[in-house]
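Same chain, two partners: chain A is paired with chain B first, then with chain C.
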Partner chain A sequence: MGRHLSARLKRAEESLALGAIGGILVLAALLPFVFLVVNLLRAPAEMSAGLALLGSREPWFVFLRSVASALVVAIASVLVGVPLGLLLGSTDVRGGKAALILHAFPMFLPPFLLALGWFYLFGRSGLLGGSGQASDALFSLGGSVAVEALAFTPVVTSLVALALQGVDPSLVEAARVAARPGRVATRILLPFAWPAAALGALVVFALSLSELGVPMFLRVRSYTAAVFARLGAVQYAPGEALVLTLPVLIVSVALLFLERRLVGPRSFSILGLRSAETTVLPLGKWRPLGTIIAWAGALATLVPFVGLAWRASTGFAALPDWIGTGPQNSIVPAAIAATLLTGIAVVVGRAIALRRPGAKALDALTVLAFVTPAAVLGVGLIAVWNRPATQPIYGTLAIIVIGFVARYGVLPTRTFALAVARASPHFEESAAVEGAWFLRRLVRIVVPLHARAILAAWLLAFVFCLRDLETTILFYPAGSAPLTVRIITLEANGPEPVVAALGLVHALIVAAALVLGAVAFRPRKAS
Partner chain B sequence: MTTPISVDRVAFRRGAQDILSEVSLSIDTAEVVAILGPSGSGKSTLLRVVLGLVAPDRGLVRLDGGVVSADGRILRPPEERGLAVVFQDLALWPHLTVRGNLDFGLAAKHVPADDRNERISRVLQRVSLHGKQDRYPAALSGGERQRVAIARALVLEPRALLLDEPLSNLDVPLKRELLALLDAILHEQRMTSVYVTHDLREATRVADRVAVLEAGRISQAGTVDELLADPATEFVRALREDMG
Partner chain C sequence: MRVPLKLAALAVAVCAPLACKRAQREVVVYTSVDQPFAEPIFREFEKRSGIQVRAVFDTEETKSTGVLNRLIAEAQRPQADVFWSGDPVRPFILAKRGLLEPYASPAAASIPAQFKSADGSWTGAAARAKILLVNTRKVASADMPRSVRDLASPRWKGQGAMANPVFGTTTMYVAALFTVWGDDRAKAFLEQIKANGTRIASSNGEVRRLVTAGEVAFGLTDTDDAHEAQQDKAPVQVVYPDQDDLGTLVMPNAVVLIKGGPHPAEARALVDHLVSPEVEKRMTDTAGHIPLRRDVAVPGTPGPGSFRTMQVDYARVADEIAKIEPWLRQWAGI
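Now for the complex of A and B:
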C-alpha cells in the first residue's frame, strides 16, 4: 500500500511541482487581476463613480496620449535600436562588444535616474542649461518621450544584437559569396532581426506605458500617474483607481495577444540561440564611419551620467545623512524575490521548453503580468493583501517580494527556458530511462547542467527588481522605502547633490551586480 | 514464452504527418534487431515510443508481455521500464565524472553502494576504461566517450538496450573498433537490443535480424542475407548495390 502510494507520488512529482509553482504564480500574479474585477462588482457605488469618471473626456484624453507616447517611444527605439544592434552585433566596428555593454547598462536602471541626469545637464541650473529653452523642451511631452526612448532603446539594440549573433554563420557566408556586405545585412540579417525588433518594440511599449518616474519628474500628465494619484493621500479614491485600470488591462491583453502571435513561438530564436561561431560582416572603407556611428549611438544613452556625476560631486559628503536604509530595502527584497523567481523559473522554464501541459498558460500569465502597467498590478495587489489578516505580509518587505514575483516572472523563466531548449533533450531523457524521477533529475541533472543559466536568470531578476519603482511605490511599507522610491521622493524636496549622489549609488549597486555576474560568466576551461 | 519487446500496430502522427503507420515488431530474448531506414523514416521515433518518451497515437507496446503504452497513453513511464539507451549524441552528463555518469542510474534504482562500485568497476574494465573513472567527459577522447555511453547503459543490467545511431559520427577505424566491441558485448551478455542505423554494414555486423523502416512503415524484415537475396524496395536494393 505504502509502496504503491510512493510510486504514484513519484509518477506525479512533475505535475505536483508544476502545479505548486503554478499556484504561487496564480496567487502572486493572477489573483490581483481577479480581485480588481471582483472588488468592482462588489462595490457598485464606487464602480458607478469610476464609470462616470470614464464617461468623461479627460481620462480618455490622458489615456490615449499615454498610449500614443508609448507608441512613439517604441517606434523611436526600433528606428535607433535595429541599425545599432546590426552594427554592434554583426559588423567589425571597433570595440563593438564594449560599446554594446556600455549602451545596454542604462536598461537596468530606473529611467527616471536618466531623466534626473538630463535635468542636471539641461535644466535651468544645469551644466549646459541657461537659456531655459532646453529646460522647457525637457519638461514637455516631447522631452519625456525622448528620455524614455533613450532609456529603452538598449532593449531593442540588445535583443537585435543577440538574435543576429545566433544566426547560423553558414547562412551569412553563403550570402557573402554572392553579395556585398550591405546587401547581406539588409536581405539576410535584417529578416532574422525583425522578430527580435518586434519583441523589443512590445517590451518597450509596455515599459513606457508603465513608466511612472519619468512623467512624474518631468511634470507630464500620464495615465499611470493618474491611477497612482488616486492611491495617494491627497486624492484618495481607490474605486476610481480600479476603474481607471480597466482600459489599461485591455491594452495588456492586446499586448499579450500580439506577443503570442508575433514572437511567442519564436522567442527562443530571438533571445539568442547563440552559435559557437559568429560571422562578422566587414565594413571595409566604411569601418571608421561605422565605428563612430556605433559608439555615438552607444554612448548617447550614457550622457545622463555626466549630469548625475557633475551634480553629485558635492553631494557624497552628506550621503550618510540621507541614504537611510534605502539600499538595504532595495537589495534584500530584490535578492529574495530573485531567488524565488529563479526557483520558479527552473520548474516553469523547463516545462515551457519541453512543452509540458499547462506550461503555456503559466507562460502567458507571466507575460501578461509583465506587459500590464505596474499600476494595475499594484492596485490589484493592494486589493488582495491590504486587509487585517494579512498585515504581517502587507506591512512588511514581504509585500514587495510578492510584487516582484508577480511582475518579473517572465524574465528568469524565459531565460531558463532558453537554456533548456538549447540543450539536448537526451540529457534528461537518459536520466529518466535510467530510472530517475522528476525531482532527482531536476536536482542532479537539470540544475547542475544549467548552473550558468540559473545565475543569469537570478541576475536578470535581481537587477529588474532593483530598478523597480512603479510597482513598489504603490504599496511599500512605511519606513521601508526602497532606494528608487527614496530618490524620487527626495527629488521633490531634498538637496539636488544628494539626490544625484543617491542615483549614482543606485547605478553602482547595479553595476557591481552586473560585474560580479560577468566574472561568474567568464568562459571556463574544460576540466 | 513472452517476448521482451513487442510493438503492435503502432501509429504516431506529428501534426498532419504520419511518422509511424501500423508498425509491428517483436524482439526475442537475447536477439539484436537493427531498425534500418533512411533519414526521416521514423526510426528514432519508434525507439522513443518503446522507451516511453512519447506515447503512440494508436497501437500497443509490450515489455515482457505487459502493456506499457496503449492508444495515446503511457501506462508505464520510462523510469519504470527497465530499459537503457545510448543516444546518437551520447548525452553524457558533463558535470559528472565517468563514475558519476555510471553511478547515477544505479543510485536512482537504490542499488547498495558496494554493489554499485563492483558493477561500475566490472563494466569499466569490460569497455577498457579502467583507471578513467574520475575523468569528466570533456577530458575524454571521442572513442572513450562512446565507451562511457555504452558502459552507462550496460551497468544498469537492463532488460533491453536501445541504441539510436550510436556510431554515426565516427571515423571508419573507430567505428570498426567500437562495432566489434558492441557486437562482442551484446552477444556475450545475451542482451536483447534494438540498434537503429541507416548503415547496412553496421546492421550486418551487430544484428541477428533487420527490420527496414521506410516512411513510417516496415517494408521488409529478416536476416541480412534474406534482405540482400530478395530486396523488397528500392531502398534495400540501393543498400545492396552499395554493399557491392
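Now for the complex of A and C:
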C-alpha cells in the first residue's frame, strides 16, 4: 500500500510542483483581477459606465492612436535594431562587443529617465533647446515615439545579435568563398535573425503599448495613461478602469497568438543555440564604414545621458537631502522578487520548454500580466491584500515584491525555458530512469546544469523590477517609495538638477548590477 | 550548486529588512501637496518631535485625487493617519464616506472661521488661488485678460489653456462656477471654451509650461505654478481674475485626520504642525501660497483680503463635484 502511494506520488510529483508554483503565480497575478471582476459584478453602475465609455468614439480613438504609435515604435526598432544587431553581433567591426553592451544598457532603465535626458537636451531651457522648436517636437506624439523607439531598439538589437551567435560559422565561411559580405548578410544571416527580430518586435510593441512614464512626462495622450488617470478621477471607479482594459487584453491575447504562430518554438531553438565558435563576417574594405555606423547607432541610445549628466552637474550636492531611502526601497524588493521569480522560472520555464500540461496556460498568464496596464493590477492588489490579516504584507515592502512577481514572471520564465529547450534532456531522463524523484532531479541536475541561465534569469528579473514605475506607484508603502517613484513625484515642481542626479544614481545602480552579473558570467579557467 | 546557494544567501540577506519591526514612533501621511514643498516640512517635524513621517505623494497627473482614491481603496483598513490635501473639497468626499476623525487643532485657533470646519473635520492651512498666468511677450499689459470668461471669448480664440477639469484643483474651480452660475450657464461656458480652441492640458503644471513657452497667450492655473514660472524668470504676469464681479477662487490646503488611522496621537501632533503659523509662512515663502492668517503676511504676497475672493461654500462645491463629474468626464473625454 505504502509502495503504491509512493509510486503514485513520484509520478505526480512534477505536476504537484508545477501546480504549487503555478498557484503562487495565480495568487500574485490572477487573483487581483478576479477580485476586480467580482467587485465589478457587484457594482453594475460602474460596469455600465465603463461599457458606455467604451461605446463612445473617444476611448477608441486614444486606443487606436496608442496601438498605432506602438506599432511605429516596433517598426522603427526593427529597422534600426536588425542591421545594428547584424553589424554588432556577427561582423568584425571594431569594438563590436563593447558597442553592443553600451547600446543595450538603456533598455534596462525606466524609459521616462531617458525622456528626462532628452528633455534636458532639447527642452526650452535645455543644453540644445534654445529655439523652442526642438522642445515642441519632443513634447509631441512624434517625440514620444522617437524616445520610446530609441529606448526599446536595443531589445531588437540584442535579440538579433544573440540569435546570430547561433549560426554555424562554416555556413558563413562557405558563402564568403563566392559572395560579398552584403549578400552573405542578406541571404545567410538575416533568415536566421528573422524569428529573433519578430520576437523583438512583439516585445517592443508590448513594452510601448504598456508604457506609462514617457507619455505621462511628454504629455502625450496614451491609453495606458488614460486608464491610470481614470483611477485618479474624483469618483473612485476601479471597475470602470477594468472595463477600459478590455481592448488592451484583446490586443495582448492577439500578441500571444502571434508570438506562438510566428515565432513559437523557434524563439527557443534559434535564440538559444549558441555555437562554440562565433560567426564573424569579415567586412573587408567596408570595415571602417561598418565600424562608424555600428558605433553611431550604438551610441545614439546613450545620448540622453549627456542631458542627464549636464543637468545633474549642480544637483549632486543636494542629493543627500532628496534621495531618502529610494535606492534601498528599489533594490531590496527587486532582489527578493528576482529570487522568487527565478525559483518560479526553474519549475515553470522547464515545464514550458518540455511542453508539460498546464505550462502553456501559465506562460499565457505571465505574458498577459506583463502587458495589461499595471495600474489595474495595482488596484487589484490593494483589493486582495489590504486586510487586517495581511498587514505584514500590505504595509511593508512585501507588497511591492508581490507586485513584481505578478508583473514580471514572463522574463525569467522565458529565459530559463530557452536554456532548457536548447540543452539535452538526457541527463534528467537518465536520472528519472534510475528512480530519482522530480525535486531531486531538479536540484541535482537541472539547477547545476543551467546555473548560468539561472543567474541570467535572476539578473533580468532584478533589473526589470528596478526599472518599474507603473506597478508600484499605486500601492507602495508610505515612506517606502522606490527610486523611480521618487523621481517622478519629485519631477513635478522639484529641482531639476536633483531629479537628474537621482536619475543618474538609478542608472549607476543598474550598471553596477549588470557589471556584477557580467563578472559572474565570465568563463572560469579550468583548474 | 554554488550559484543557487549564493542566491539563497542573498535572498536571506535581503529579506532581513522586511522582517524588521519598526520600533520608532511614526505617523503616515498621504498628501497631494507637491513633494518638493512637503518633504522639508515633514523633515522639520521629524527633527522637532522625534516622530518619523512616512509619506505617500501624488503624481502630477492625478494630483489631488490619486492619494484620495488610495485612501478610499484602503478604507476597510486605513493605512494613513493624516491626509494633507492640496484643496479643501476632497476632505468632504472622505467625510461623506465616514473616513474622517474630527480634530480641532489648538494650533489653528487663529485661522479665520471660513477656512476651517466648526467640528474640526478639516482645517485650512496656506492657500492657493486660481489665477490667470499671462505671457507678457504675447500680451501687452493694456490688453491683459481680466476674467475666466476670456477663455471662451472669440478675442482669445485658440490662445488660452486650462487643465483637465476631471483632475486637481480645476475640478474644484469648475464646480465652484456651477454653484455660482448654475448648471446651464456653467455647462454652456465649458462648451464655449471647447469651441474656442482653448487647450485642455493634463495638469496645471502643463498650463504653466504652455504659457511660459508662449504656446498660448494665457492660461488658468494656480498661484504655486505661477510662482514657479516667476522663480524661473519666465516672461509672465499673474492676473487675479474677475475682480469686478465673480471674484478669484481661494483654495486653502486642508489637513484632516483619518478615522481608524494606526497612529492617532502622532497624527494629532503632525496636524498641529501642518496648521501652524510657521508652516503657513514657509508655504508662502517657498511654494507661492497665500497666508490665511492676517499675522502671517509676507512682503510681495497678497493676502486673501487684498483681492476680491469668490464667495463659495466648500461643502457645496464638494457636493457639486460629485454631481457634475459624469458630465465633466463626458465633456473632457477619456
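Keep in mind that, in the parts below, the second predicted complex is superposed on the first by the 479 of 527 C-alpha atoms of A that agree within 3 Å, B and C clash if a C-alpha of one lies under 4 Å from a C-alpha of the other, contacts with A are read in each partner's own complex, and residues count from 1 in each chain.
Keep in mind that, in the parts below, contacts are C-beta pairs under 8 Å (C-beta built on N, C-alpha and C of every residue); 3 or more make two chains touch, one makes a residue touch a chain.
Quick caveat: nothing in here was measured; it's all calculated off a predicted structure.
For the combined arrangement obtained by superposing on chain A, do chain B and chain C clash, or do they fit?
Chain B/chain C on chain A - fit side by side.
After superposition on the shared chain, which partner residues are touched by A:Ser480: those of chain B (first), chain C (second), both, or neither?
In the superposed model, A:Ser480 contacts chain C only, not chain B.
Of the two partners chain B and chain C, which one touches more residues belonging to chain A?
C
Tell me the contact category for A:Ala513 with respect to chain B and chain C: first, second, both or neither.
So A:Ala513 meets neither chain B nor chain C here.
Looking at the overlay, what does A:Pro448 touch: chain B (first), chain C (second), both, or neither?
Both partners, chain B and chain C.
Regarding the shared-chain residue A:Val379, is it in contact with chain B (first), chain C (second), both, or neither?
After superposition on chain A, A:Val379 lies in contact with chain C alone.
Between chain B (first) and chain C (second), which does A:Val80 come into contact with in this model arrangement: first, second, both, or neither?
Touch status of A:Val80: no partner.
Look at A:Ser430 in the shared chain and tell me whether it touches chain B only, chain C only, both, or neither; answer first, second, both or neither.
First partner only, chain B.
Between the C-alpha centres of chain B and chain C, what angle is subtended at chain A's, in steps of 10°?
150
When the two structures are overlaid on chain A, which partner does A:Leu202 contact: first (chain B), second (chain C), both, or neither?
neither
In Å, how small is the closest CA gap from chain B to chain C once the two complexes are overlaid?
Nearest C-alpha atoms of the two chains are 8 Å apart.
Give me the intersection of chain A's contacts with chain B and its contacts with chain C, in residue numbers.
448, 451
In their shared complex, at which residues does chain A touch chain C?
That would be residues 49, 53, 58-59, 62, 124-125, 132, 135-136, 216, 219, 225-226, 228-236, 238, 244, 322, 328, 331-332, 335-336, 339, 342, 379, 382-383, 386-388, 391, 394-398, 401, 443, 447-448, 451-452, 454-455, 458, 473-481, 488-495, 520 of chain A.
Please give the residue numbers of chain A that touch chain B in the complex, ascending.
7, 10-11, 424, 426-427, 429-437, 440, 444-445, 448-449, 451, 526-527
For the complex, which residues does chain B have touching chain A?
For this pair, the touching residues of chain B are 51, 53, 77-85, 87, 89-91, 93-95, 104-105, 108-109, 136, 138-139, 152, 156.
Across the complex, what residues on chain C touch chain A?
These residues of chain C touch chain A: 1-4, 7-8, 10-11, 14-15, 17-18, 26, 28-30, 34-37, 39, 52-63, 65-66, 68-70, 72-74, 76-77, 79-80, 93, 166-167, 171, 201-203, 205-206, 209, 212-215, 224-225, 228, 232, 321-322, 325-326, 329, 333-334.
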